[in-house]
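One structure is given below, encoded as structure tokens.
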């Protein structure tokens, strides 16, 4: 297996650090999302697809985000010493984040957690994402591309203008299908139809998904039916990001029994079948 | 009597307000003091000599001043709608204040407290100040000048380069004597000698002082000996600045008995003889 | 238009916002129109003349302040001759905060204060009881009961009990106060704290320990209000770190019928006025006709609370 | 070079800085060298398997956070087989935090934990005692005494008692713990609080109430440490809102022999290391040879404290 990130127990001291990164560029990609590129040093720039950072977001007057904010990497460029994030402005933390301008510094902790795992034996995989989940899946496309694994992407959003990271997928040679609520193409039935066709065409050795519980359910059903592998990147509120506080737990189905796992530590990427709604 | 500010009980609603003033200029006048000029609206610009404002100082990263900071006016210009402060950078609050640049806004509450009272019958008065006290006394020179009262100023500081507001006194036609620790001219014995000469020359109908307990004591002694009037501007830590919290009390000698008064409310300017060390 | 009026026992307030004792005096009238407030509350007065505590009396903390003002008091005659007439210039109901070191002293003072112009008595029982070597009356249900019983016998005026957050038995204390005739509970006074100056190694307060107030204590006092409101039927007046209309609304959802604002007024003299206007806007925005509708309106399933709570781990 | 070592009863720590229970796990080793810490302290474990509380489990407040994690526990066998060997990879003394709903349960668990590799037991008696319908053991001196007596009888290991700040009798509780054989007191656990989401009118914590931690509580817990240190002879370990070396020094001046750091590590994983280095610098800058010299070194005249205090008015 090709695991770009280490399992929790094997992560040595220094595999994650707290550092002050410098803003290189920071632009709005649409009405809701912003693309933040930071200049950083290792190990940050060695982050693997699916891993995340804990960001110490600047405070807006009045609303100071006390805790760090988890954000998965949108991409890294070790040569340029850059790590990128693509985020949606939601509340206090991300609104503060949105105030950063080039030259400002941002305190980041990472890379953290367990990322996507790619099996070189796979010939083609499918990435199904929605909303911010598209940001999390983008670096997976690059990893697949690097290892010659073909990738088909189904990118879901409320409106066409809110779709993000499709350029990244295309650059990686992905076959991209965009579905939106506005066009009535994002419903689970339609998605299932698309997926069944791809499976029939033998273009699905594994599912990779993030950002939608409904789409997760569809893929779990199909994975069971066709005995396919898969991985899902999950989100949960986090305080420490290092497996210490147990505020980010979720229930997982492990061989029939429900087990509580820490998203920040055992994940955020988990086996597709274990995830529960 | 010429009281430019009202006694506590007669201050009507609106005699003080909370407002966002805009920084016009803000320059360092020497190694320790900064001169801050704000553009404001009434009643701020009608502040009387000896009155003060409560400033909501900006926070430096790490050290946020929770309470407001009291600062007496250095001068007002109703025509230009300006109010000025001259302050020494001391700790969290004034350090935050020092970060303000022209165009920034500062939340100020005032004018507050009871200022200097001038008796037109006086022909000449003496102002004895030290350190930040020189800032507090400066507007008195303007008041005296306006009412044709001659003023002699003895300005004390650690070093000649730390003397402030002497230009203001000179502009008001004051006879200015500068005494400093560096030159060994600021000791109480020397000051007393200067004052006795001025009294002999009939240039002292009243003492006005601020910033030194030792010099206060000298003037109290002389005022008693020669039966002279006098006023002192006092400082004390303040939370509310409006006579509500009783954290700014000091002991005063009122006809032989010790009475506790609120510096923010009954002062900051008090009768010279009542003040206790 | 939202109806902002609230009822505190027999007393109806035009709105639920009033100053906290010891953080208000006529000086505020310089900056705001006091007639807009729901009520006026005096600094606690005592029968004996008091100097108050040594200086320094205040210190800054993270999002809060410590104070050890104490209760400087000019005594009863001065209060009746000067303070009362001064505050009588404004229309809101006048609440007089009283305190004494003994049960009997409390009762006597309450009786002396039951004069025309005084609309309610707030008993600051968060103060030391010399009959229990300095432990505050409100630390225990028993001492709370005895002092409230005496107070109830001493005055016909609406009687509020101001509780201390420093007890581990807030619900029992609240129940005791209600049982002995309190018409309302003010929750709460300051939380005992301290701070040391690292430059001098000396305490930042002349009194070493002092009361913490301001935003820092809001989650703690909100919990106390919630615990009291669940236990008693009389109105609870929330007091602790309220600086905005949102803070006030949050307290009301937790069970408060009205709120008192203290430290916030030091930072923004107009804070109470902004809170009153903000509460009206808060209700309008949610089609809530009567601000009283917020009281105890927090939504929760019983499941929210475990039988035996392991709170905060 | 400052000597940073401190003695906690029989145990000598290389420095006075250690993690607070429930805010530390091996994951921190990714970011910092755990061998630099004065000690390691585990999340509280219980004998029975526990799920912990409903989500959400944390909420942000002014300069602090609320948590209602509860005590998720995989039980004793898992701890002995997995957690213990994992933490054994590092050199600092290992302190195991235990809790139980009954006196007997506490004693049994302490006995089971008294195995090689464990250097001290921290009894988290800030937890609900089902024999006193959910009131935490450390709320009362009596229940504290009975649980500590049982614990003392059950283990030979150094025994620390972790107290709750929610009691009104901290000094009595501290004295009771010392009298029954506690080798040190950890002061304190989180302060009970709550918060409500104004968008949903629902509590911000699945458990409604939770524990407040972080800088906001520092002045309060510092006062508790001061009150305990004045009352007992055993070392007091300060814990509450410590984020910097200055905070740690302030706690030591108030009477703490060592400190625990919790929430600060969430915001800055390297916080404890910075505090250790900062304490050394703090002492060097003041020609203090031994950091232990800071303990209780606050300067004060007796006059500072009034006979009967009117703290916080």
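Going by the order they are written in, the chains are A, B, C and D; count residues from 1 in each one.
As a working rule, a contact is a pair of C-beta atoms (placed from the backbone, for glycine too) under 8 Å apart; a residue touches a chain by one contact, two chains touch by 3 or more.
No experiment lies behind these values; they were computed from the predicted model shown.
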Exercise for the section: Give me the fewest steps it takes to get from chain A to chain B if each step has to go to a chain it touches. Expected result: 3
Practice task
List the centre-to-centre spacing of chain C and chain D in whole Å, with centres computed as mean CA coordinates.
Solution key: 31
Fill in the blank from the handout: Note: chain C sits from chain A at a C-alpha centroid distance in Å of 49
Fill in the blank from the handout: Between the Cα centroids of chain B and chain C the separation in whole angstrom comes to 36
Fill in the blank from the handout: Each of the following residues of chain A touches two or more other chains, namely none
Fill in the blank from the handout: Touching two or more other chains in chain C are residues 22, 52, 61-64, 67, 69
Handout entry: Arrangement of touching chains [line / ring / star / complete / other]
Key = line
Handout entry: Inter-chain touch pairs (all)
Key = A-D, B-C, C-D
Fill in the blank from the handout: Per the touch rule, the chain A residues reaching chain D in their complex are 8-9, 11-18, 56, 64-68, 92, 109, 112, 236-237, 239-247, 249, 260, 265
Practice task
Show which residues of chain C lie in contact with chain D when the two form their complex.
Solution key: 21-22, 44, 50, 52-54, 61-64, 66-71, 101, 127-128, 130, 134, 139, 166-169, 189-196, 198, 200-203, 206-213, 215-220, 222-223, 226, 241, 246, 249-250, 253-254, 282, 297-300, 303-313
Practice task
Under the touch definition given earlier, write down the residues of chain C that touch chain B in their complex.
Solution key: 22-33, 43, 51-52, 55-58, 60-65, 67, 69, 72, 86, 214, 265-270
